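One chain, subunit A, links the two complexes that follow: it is found with subunit B in the first and with subunit C in the second.
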Partner chain A sequence: MLPPGVNAKDFADALKQFEGAAGKQWVFTSDEDVALYRDAYSPFWGEPEERVASAAVAPGKVEEVQAVMKIANEYRIPVYPISTGKNLGYGGSAPNLSGSVVLDLKRMNRILDVSERNHSALVEPGVSYFDLYRYIQEHKLKVWVDVPDPGWGSPVGNSLDHGGGYLQPMYRNHFDSHCGMEVVLANGEVMRTGMGAMPGAETWQQYKFGYGPWVDGMFSQSNFGVVTKMGFWLMPEPDAYLTGTVTVPKYEDLIAMIDILTFLENSGVSNGMPGLGSPILGGFMMPPRAPEVTALLEKNGVASPELHKYAQDKGVPFWSCTVKFYGPAKAIRAQWEYAQEKFSAIPGAKFKDDEFYKFPLTPDQFDKVHKPEMGIPSLEMFSIGARSPFNPTPGNGHIWFSPIIPRTGEAVLEANKVFAQAAKDFGLPLLSFSLPTTYWMRAFIFLFGFPITHDVATNKKNRENFKQIVRVAAEHGWGEYRTAPAFQDEVMNTYSFNNHALRRFHETVKDAVDPNGIISAGRYGIWPKHLRGTKA
Partner chain B sequence: MRLLIFLALASCAFGADQATIQKGEKVFDYWCATCHGAGALPGTVALRVKYKGEKPAMLSERTDLTPAVTKIFVRKGVSIMPFFRKTEVSDADLDAIGAYLARNNNTASH
Partner chain C sequence: MHGIRGDITDLWFHDLDAQWKKQPVAIAGLTAHGPLFCLERLAWDHGMRVVSRVEQGSRDQDCEPLIAWVIDLKKAPKERA
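Then we have the complex of A and B:
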C-alpha cells in the first residue's frame, strides 16, 4: 500500500531515508509487520474501510523523530504518531488515514525524572504506566501515579487523549495533571512549552504556563505536533484511605444526593473518585436485580411509580453513593463524619463504613483492593470483556460511547430516559439504567460499551447505532469527550456552534503549523487542506 | 566431535538454553503476567473457564505450548487480547517467551 498522493518512487526513497534516520531494523514494511499496527478493536475489522498503515518507523530518540519528520515533510508522507498504541476502544495503533506511516514512539521509553520533593515526573511517550509505577517502587519513592483502567497505556498518550483515573481530582484528569511538554513540529523543529521554553529554567515541571499563550492544549486530541516529552504532577503517597457509603430511599433523592456530593468534592472534603449505585436496580458491583424489578423496569422504565413503591415496600434504598477520601487518618475520618452530616439532610439517609487502609498496604490488602484507586496499574478491568463465568462467549473488543453529562441528578435521569428510548428506537440491547462511571470535577462521563466482533454485518449495524446515538446525545447537548477514529468526524460535527467555528479554527491552525498536512490527517476531525471535504 | 554433535542434537531436542528461558521468564512477567499471572486476572480466568480444568489456567504451568503456538497468539491475538508489535515484544523476546513456556514440555511427543 502507498500513502495517498505519494508515488512509489518517493515512498521507497522516503522509507530508505527513514532507515537512515532511525535504523534499518526500526522501519517496518513487510505485510506481516505492518499488520501488527492494525487496531485490534477496529469497528471496520476486515472491511475495505478499515484504517491501516502503509509502514511504520520507530525512532529511539528525539533527534531521530526530528529527522523522520523532516523527511516526511519533504516527501509529503502522512505520519501517525502513537505513544504505546494501547488506546484500545479508541483506535489502538492504527491511523485515521489509511496509508499513513505509523510513527511508533514505543522505543522512546526513558523515565527522565521522578521528583519526590516536587511530586512530579518527566517521561517519554513510550513509558507505560506500569514502567513508571515499577520505577517508583524500585526506587522506593513516596509518590503515586494516577493510572487509567486498564493501565497498560502511557501517561503521554493517555493524557493527550484526555484519559482519566481515580485519585484526587487534580490528578484524576490526566491532561490537567501534566506540566510542560516537548513537541516536534511538522518541519522537524523541536519546541518546549511552559517553563521549558526558557533555557536553564529548573521549573519545567513546576509552573505550567511559562509566558504568553498556553499552547499545550493544542497538542491534545489533535494533529499539530509530535509530543516527545511530558511532565506530570504525581500524588504524594497519602497516610490513609477511607471509603463510606450513603444510601437514600427514594427515586427523587438522586438529585439532592448528587448536589451534596458535588458540594463535598468541589469543597475538597471528599477527594477520591466517588461511586454512584442503585441497590434496587442492581448492576455493576451491586447485588443482582430482583426479577420483579426487571419486570417493572421493562414495563414502565425507571421512572415508574410502581417501581418506586416496590422499593419502599421492600425497604431497599433506591440510590447509593460511595464517598472516598485520601489524607491523614484523623482528618479523613472527620471529613467522612462531616459528609454524613451533609447527606443527613436527605430523610432516610443511612451510612456504612467501608474500607480503611494505611499505607503502604499489606500484601493481603494489595490483593484485595481496586488497584487503580491506589495508583497501581492493573489489567483487571479487561475481565469485563474477557471470557469468564459470566461471559462464556467473549467478543473481539469494544468501543466506547462516552458523552459528557451535567453533574446533576436531573441530567442523569433525563439521559437515561433519552438513551433508553434511543435503544428501543434503534433496536439496541436495552441499555439498563446507567450511572456515571467517571467523574470530573464538574461533569460526569457516561460510558456505554459497544461490542466489536469479527462479523462484518454486526459491526456495520453497531457503527450505525453508534452514529445515531451520538446524534441523539448531541441533540440534548451531551457531547462525546473522546472517540475512536471511525467516528471522529461525526463527533466533531456535533460541536457545531456558529457554523463550526471551532473546527474552522482548528483547520486554520492546522494549515499554519503543518502546511503539508503530514501529521495524523483526520485525527479528531481535523483534516489537512488537501483532504478537507473529501473525508468529513 | 561425536560428543559435540550429540550435544548439539540434545540441545535441539530438549529445547532452549537456560539463559534464554530465564530471559523469557522476565519478558513474560513484564508483558504477559499482568493478565496471565496468578490470581483472578482476566487471561487466567478466561483460560480456566475455557479449559475447565483440562489444562492449567496459568500459561506458565502449561506443558503443551510450543514456541510456534505462543508466537501465533502474541502476533495474532485472540478474543479481546490484542496482538503485540515488534517494538513491544521483539522477535528475540518472543523466542525467549516461547522457550520459557515450553520449558516443561514433554519433548518426546514433539
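Then we have the complex of A and C:
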C-alpha cells in the first residue's frame, strides 16, 4: 500500500530516509509487521474501508522525530503518531487515513523526572502507566499516578485523548492533570509550552500557563504537532481511603441525591470517584435484577409507577451512591459524617460504611481492592469481558459510545428515556437502563459499548446503529467526548454551532501549522486542505 | 510456571515485563482468548509473536475455549519498538 497521493519511488525514497533518521531496524514495511498496527476493534475489520497503515517508523529520540517530520514534509508522507497505541475501543494504533505511516513513539520511553517534593512527573510518550508505577515503587516514592482501566497505555497518549482515571478529580481528568509539554511541529521545530518556554525555568511542572495564550489544549484530540514530552501532577499518597454508600428509596430521589453529591464534590468534601447504582434495577456490582423488575422495566420503562410501587413494597431502595474519600483518616471519617448529614435531607436515606484502608495496603488488602482506585495499573478489565453467566456471548471487541450529559438527575432520566426509545426504534444493543460514570466533576458521561465482531454484516449494522445514536444524542445536546476514528467525522459534525465555526477554526489552524497536512490527517474530524471535503 | 484466573496483571508486572525488557524469552501457555489477546499485544512491543496457537477443545472455568500457545521471537530480532 502507498500513502495517498505519493508515488512508489517517492515512498521508497522517503522510507530510505526514515531509515537514515531512525535506524534501519526501526522502519517497518513488511505486511506482517505493519499488520500489528491494525485496530483490533476496528468496526471495518477485514473490509476495504478498514483504516490501515502503509508502514511504520519508530524514532528513539526527539531529534529523530524532527528528522522524520522534515522528510515527511518533503515527500508529503502522511504520518500518524501513536504513544503505545493501546486505546482499544477508541481506535488503537490504526490511522484515520489509510496509507499513513505510523509514527510509533514507543521507543521514547524515558521517565525524565519524578518529583516526590513537587508530586509531578515528566515522561516521554512511550512510557506506560506500568512503567511509571514501577519507577515509583522501585524508588519508594510516596506519590500515586492516576491510571485508566486498563492501564497498559501511556500517560501522554491517554491524556492527549482526554482519558480519565479514578483518583481525586484534579488527577482523574488526565489532560487537566498535565503540566507542560514539548511538541515537535510539522516543520520539525521543537516547542515547549508553559514555563518550558523559558530557558532555565524550574517550574515547567509547577505552573501550566507560562505567558500568553495557553496552547496545550490544541495538541489534544488533534493533529497540530507531535507531543514528545509531557509533565503530570501526581497525587501525594494519602493517609487513608474510605468509602460509604447511601441508598434512597424513591425513583424521584435520584434528583436530590445527585444534587447533594455534586455539592459534596464541588465543595471538595468527597474527593474520590463516586459510583451510582440502583439496587432495584441491579446491574454491574449490584445484586441480580429480579425477573419481576425486568418485566416491569420492559413493559413501561424505568418511569413505570408499577415499578416504583414494587420497589417500595419490597423495601428495596431505588438508588444508591457510593461516596469515596482520600485523606487523613480523621478528616475523611468526618467528611463521610458530613456527607451523611447532607444526604439525610432525603427522607428514608440509609447509610452503610464500606471500605476503609490505611496506606500502605497489606498484601491481603492489595489483592482485594479495585487497583486503579489505588493508583495501581491493572489489566483485569480484559478478564471481565470473558464469557460468563452475565456475558454469555462475548464479541471480538467494542467501540464506546460516550456522550456527555448534564450532571443532574433529570438529565440521567431523560437520557435513559431517549436512549431506550432509540434502542427500540433502531434495534440498538443498549441496556434498558444505565447510570452514568463520574470521571469528571462537572458533567456526566454515559458509556455504552457497541460490540465489534469479525462478521461484515453485523459490523455494518452496528456502524449504522452507532451513527444513529450519535445523531439522536446530538439532537438533545449530548455530544461525544471521544470516539474512534471511524466516527470522528460524524461526531465533529455534531459540534456545529454557527455553521461549524469550531471546525473551521480547527481547519484554519491546521492549514497554518501543518500546511502540507502530514500529521494525522482526519484525526477528530480535522482534515488537511488537500483532503478536505473528500473524506469528511 | 504461573497460574492465572483470567487476569494477567500479576504475571505481566512481576515477571514478564521485567524479563522481556532485559531480553525477550519464549513463553508457552494454556489460556482462554482474553489473556492471550493481552499477552500477544504486549509481546509485539518486544519483537515477539504468537508462533503457535492450537484450540484444545476444552474450556476454562468461564466456559471459554482453551488455547495452547507459544510466544517467541519470530525471526532475527527486529523489535517493533
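The rule is simple: the second predicted complex is superposed on the first by the 526 of 536 C-alpha atoms of A that agree within 3 Å, B and C clash if a C-alpha of one lies under 4 Å from a C-alpha of the other, contacts with A are read in each partner's own complex, and residues count from 1 in each chain.
One rule holds in what follows: contacts are C-beta pairs under 8 Å (C-beta built on N, C-alpha and C of every residue); 3 or more make two chains touch, one makes a residue touch a chain.
What you see is a predicted model; the values in this text were computed from it and never measured.
Q: Overlaying on subunit A: subunit B and subunit C, fit or clash?
A: clash
Q: Tell me the contact category for A:Tyr41 with respect to subunit B and subunit C: first, second, both or neither.
A: It touches subunit B, and subunit C stays clear.
Q: Is A:Lys424 touching anything from subunit B or subunit C once the two structures are fitted on A? First, second, both or neither.
A: So A:Lys424 meets neither subunit B nor subunit C here.
Q: For A:Leu379, decide between first (touching subunit B), second (touching subunit C), both and neither.
A: both
Q: Under the stated touch criterion, which partner chain does A:Lys371 make contact with: subunit B (first), subunit C (second), both, or neither?
A: It touches subunit C, and subunit B stays clear.
Q: Once chain A of both complexes is superposed, is A:Lys529 in touch with subunit B (first), subunit C (second), both, or neither?
A: neither
Q: Looking at A:Lys16, would you say it contacts subunit B, subunit C, both, or neither? Reply first, second, both or neither.
A: Neither partner.
Q: Can you list the residues of subunit A that touch subunit B in one structure and subunit C in the other?
A: 26, 28, 32-33, 36, 40, 56, 58, 84, 104, 106-107, 126, 130, 152, 377-380, 382-383, 385-388
Q: Which residues of subunit A touch subunit C in the complex?
A: Answer in residue numbers: 25-26, 28, 32-33, 36, 40, 56, 58, 84, 86, 104-107, 126, 130, 134, 152, 371, 377-380, 382-383, 385-388.
Q: Can you tell me which positions in subunit C touch subunit A when the two form their complex?
A: Answer in residue numbers: 5-9, 12-13, 17, 32-35, 37-38, 41-42, 44-45, 62-64, 74, 78-81.
Q: Within the complex, which stretch of subunit A touches subunit B?
A: 26, 28, 32-33, 35-38, 40-41, 56, 58, 84-85, 88, 92-93, 104, 106-107, 126, 130, 152, 367, 377-380, 382-383, 385-389, 392, 394-398
Q: Name, in rising order, each residue of subunit B that touches subunit A in their complex.
A: 30, 34-35, 39-43, 45-47, 49-50, 75, 77, 79-88
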